[in-house]
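Each of the two complexes below includes chain A, the first together with chain B, the second together with chain C.
Up next, the complex of A and B:
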């Protein structure tokens, strides 16, 4: 009798709410990766074809893995930028505008300064990063100085960005056809294009910032307790502005990879990034009220979102179903990660 | 009519109410007084249904009652007029009066505003307040809002059959003298309709208004006095009279402070609407205690030293340098550490581990060009965990999971490890059990011995007297008196209370 209760207690402490919330995203990812081949297996079986589970899967193949990687990298960069902001307990919705402006300005500069990475045109890359940083900085200043809630300030900045991009291009598409630049997509190491490795490098950089710099620590402090951060002598306003600036830089990296992927920069380059990146951050397990989560969570989240998108294409479901499923997933993720006992009112 | 019979209430580590007997007669006005922490608010919460007693019973006209929540208590005629006003300021007066009870004016899903206004006017007439019920509440003065609050409670008269008991929690704390008079007149008139329980720390007012007065101390009712036969001094003695254990506060370890240059000097410092013309010196090795009631300006003085409030006049000098820029970051840079009252809000970051919390105020010291030296952080944390005997399995443990006393130690370690030599303690022992309190007292003496100056806002008066070298009494933002707290010549509780209220 006593043994029984001791056992359940041990299990109870092993499966605490925190632990479940922490590992759930990864489990979901693994489950999805095994689920889609199963659907294929079923479909083939019903059609009377021979099919070996996993081995014959179109989904579970290196080629498809690379496809998911290519689709995911720009979104990963944007989502990593948003992660820092969400850890602070704020939110940044300016990514679509920022990505468009960065992509378009990069293309103009790149084409204008020689059109190939082998010339001075490579300067267009740092330029794009600076532009991203600048937009993020302005965004942060508007939020902090005018005391406008971050979601509103950034949403408005996003619209301004989209408008600016349209103004610059006049609705035209800019083609970036430099082979050297496009090698981001075309050159593959171990079956994966270079852009995946670039994204991995920036992800490691983001992880380093998150866990090994004072700034990263400050993000968690502001998200975990803003009053406390202030009464520990932190300059919270400065931390916020730097957070938005940093996010802007990652948005710019996302813009560069997006241009590298399709070879076109236009106003529409930024489309869809908002939904995908915020979804990814939240599904990955970073808490919306701040202080909990990190860039590895975001990696898992981005993969979940892209695996669902890709898998649904593979098993032949229409795209509008995908959006619906992702929306439901966001609600599920937030519901799972919210401790409703400690939250009395939600506005 | 209404009675509490040997009511008990426990909280983790605290016996908040000890066999309290309390009764209110029909049409009676009963006073309730006691120091902070004597159990007044717990008792009130039991009366209006926010807490349930662990032992004893509540009876109304002899029938035993058990209230699960304030609404059930209200349905039996018990109303509460809150000190922090509970009106929603962006709604109109009538909406506030009938908040939660609008159903009576609803026909086919539509609110009949005219009927509600009429009913509201009727309620307002009871408290003799002549305002349009459609006025938005934020446009009323504080005193008017207090009356609306009372009118809201008086709606119980129409709603229920039995007698009414109305609790007034510190209703006069922000009223002007004439307004207090008006309120008292009104309460006396209303005593025909309802019984009142009047809670206040202004003993003279309690004496003036009430028929009988309950005096509480340490969770028990120590006396019930008939107000015609009592005086202020008498009640004050009953509120505080108890022996102080010198060992408990480590008085034998209280050493004289260094007489040299002051760590902090306040020279006629004022912050508008908080406190005026406060002057004092804090020396190395000194504990200076600010004593006063809630809202007397004690906390605002701490916040000024730390840099969270900017003085409107006067000069603050820290270690010989006059402060010109008031910001928390500047305070930290000058070596001031602040241990706030709300540990969960301002003390430790939940979700951050022990060493991350300790270095939060000094990340510059533990990083090169923004890159942290996590090894050094852990090293330092280990040293302080040993030094202060912080009970944690690991320095990677989430601080939110530590006990209150250990959280407090982490906060102290944060400032001490950063080399702060001025420590501001705001209710450092609030919510701690006795062992943890003694640990804090021990640390206060150790810090003194290391040359740290401490400004304390104590949880109880005994604590203030037991710990401090110097006591400054403040009332309504104004300096009252300075006491010397050398062991053997410490002021008595009564001396302090006398100047506080």
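Up next, the complex of A and C:
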């Protein structure tokens, strides 16, 4: 008996709530990656075709992995930006507008200054990053100085951004066809296009900011307990504004990769980024209440979202199911990550 | 003069000032027929904003309204031939159901309303795409006219669409001011903890508020789809921003508890006048969204009750 209880105790200490919550997203990702090939296996089995599980899978192949990678990279950058904000316990819903404005201004500058990376047009890249930072800064200032809850301040800024992008383009599409810039997509190292490596580099940068800079630690301090952070002398308003500015820069990177992927900049470039990135962040295990999670969680979350999107296409489910599945997933993820004892009421 | 005392009068003063400015710039604005058609045009938006008022009044938000309306345009178009005018019941129930689920997710699963309604909106989008087969559908003209043709008539100069809007406003006003549910809404909006402490079933009140928001979004979608004689998963896009603006410039702050459905009527008229002004000032449709985004920020900043945010604004 004592042996048993010692065993359960050991198991209990191994499977604490925190530990389960921490690894659950990764387990979900692995399960999904194994699940979709299984559906393929079943389908071929029923059709009487020969199929070796995983080896014959169209889903579980390097080619499809690259496809998922390409689809995921712009969203990953946007979601990483949003991660910093959500760690602070705020939310940013402005990404669709910011991505559109950055993409459109980048394309205008790029085309106007020469149209190829080999000329001065490369300056359009830092320009886009500055524009993203500026939009994020304005967003943060509206949130902090006017004391407007971030979801509403950023939602309104998102509308302004989309309106601005529409104003700049007049509804037109701008084509960015420079081969050097498009090599982001066309040139592959080890089967993956350059854009995946660029995203990886920025992910490492984000991880560095999150874990090894004072600013990154301050995000967690603000998210863990704003009043405590304030009373220990932290300039919370400044941290928040810097957080939104940093997020704006990552949104701009997302915009550049999105343009690199499809070669077109337009008002619709930013479409769908809001829901996908928020979904990815919360599904990855970063709590909406702040203080928990990080950019690696977001990587897992983005992969979960994109594996679902891709896998559903591979096993032949119609594309409209995805929106609904993601919607249900968000509710599930937020509901499961909430510690009900610590929440009094929710608006 | 104390700012807090004149604050409740801001919305109608703004409306009056805007009307005077626009009228002075363009006297043709006062043409009764033109005005009537402007007001009639804004009816679907008004109905959505009316529902949104309930969600904001309790301190929440309903970001699913536009998608629910989109879904209902498809539902109305697909089932019109089968149920005739009875399709209206399905539309309202569909909206009510989506709103109620949002409310349930918010109150029982502790998901903040801006996330729960955003997520429910995508579920509605999925349903709309499924039902429509991802195509733009159109109604059979004779079927539409036999079931809903009366909407385009008018009695004694009042278009029936406007009459619907007024009837819904009266209903919402009755709910808000003359029922115990309305008083409960006020209690929840003014201070949720106090409402819980005084024994109110706060969860039920909130779920019902979101359900009403959804039902009104459904009615808005139905009216809009009858007006345009069709349905599509993107038909009502662009309504969400304007509906939120209408509620907030009307003087129901994001923090809830103050304002109400009459305010939203004024707010919708303000939105209508701004839109009309932009047409006269030759500001193109592409610029309007930006203008309303800025109006939204200003309106929130002016109306929000910061004492309720308990020092920490997240």
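Structural remarks
Methods note: the second predicted complex is superposed on the first by the 347 of 347 C-alpha atoms of A that agree within 3 Å, B and C clash if a C-alpha of one lies under 4 Å from a C-alpha of the other, contacts with A are read in each partner's own complex, and residues count from 1 in each chain.
Assume a contact is a pair of C-beta atoms (placed from the backbone, for glycine too) under 8 Å apart; a residue touches a chain by one contact, two chains touch by 3 or more.
Keep in mind that what you see is a predicted model, and the values were worked out from it rather than measured.
Touched residues of chain A, counted separately for chain B and chain C, are more numerous for C. Of the two partner chains placed by superposition, only chain B is touched by A:212; chain C is not.
In the superposed model, A:227 lies in contact with both chain B and chain C. Of the two partner chains, chain B is the only one touched by A:291; chain C is not.
When the two structures are aligned on the shared chain, A:235 is found in touch with chain B, with no touch to chain C. In the superposition on chain A, A:157 makes contact with chain C only, not with chain B.
In the superposition on chain A, no contact is made by A:63 with either chain B or chain C. When both complexes are aligned on chain A by C-alpha atoms, chain A residues 227 touch chain B in the first and chain C in the second. Against chain B, the residues of chain A that register as touching in their complex are 212-215, 217-218, 220-221, 224-225, 227-235, 291-292. Chain contact summary for the complex, chain C toward chain A: residues 59-61, 63, 105-107, 109-116, 118-123, 125-127, 129-130, 134, 192-193, 196, 202, 241, 254, 286-294, 296-297, 300-301, 304, 306, 309, 311-314.
Per the touch definition, chain A reaches chain C in the complex via residues 89-91, 93, 142-144, 146-153, 155-164, 166-167, 170-171, 226-227, 275, 278, 282, 288, 290, 318, 320-328, 330-331, 334-335, 338, 340, 343-347.
Residues 306, 308, 327-329, 331-333, 338, 340, 345-352, 356, 359-361, 363-364, 366-367, 370-372, 374, 414 of chain B touch chain A in their complex.
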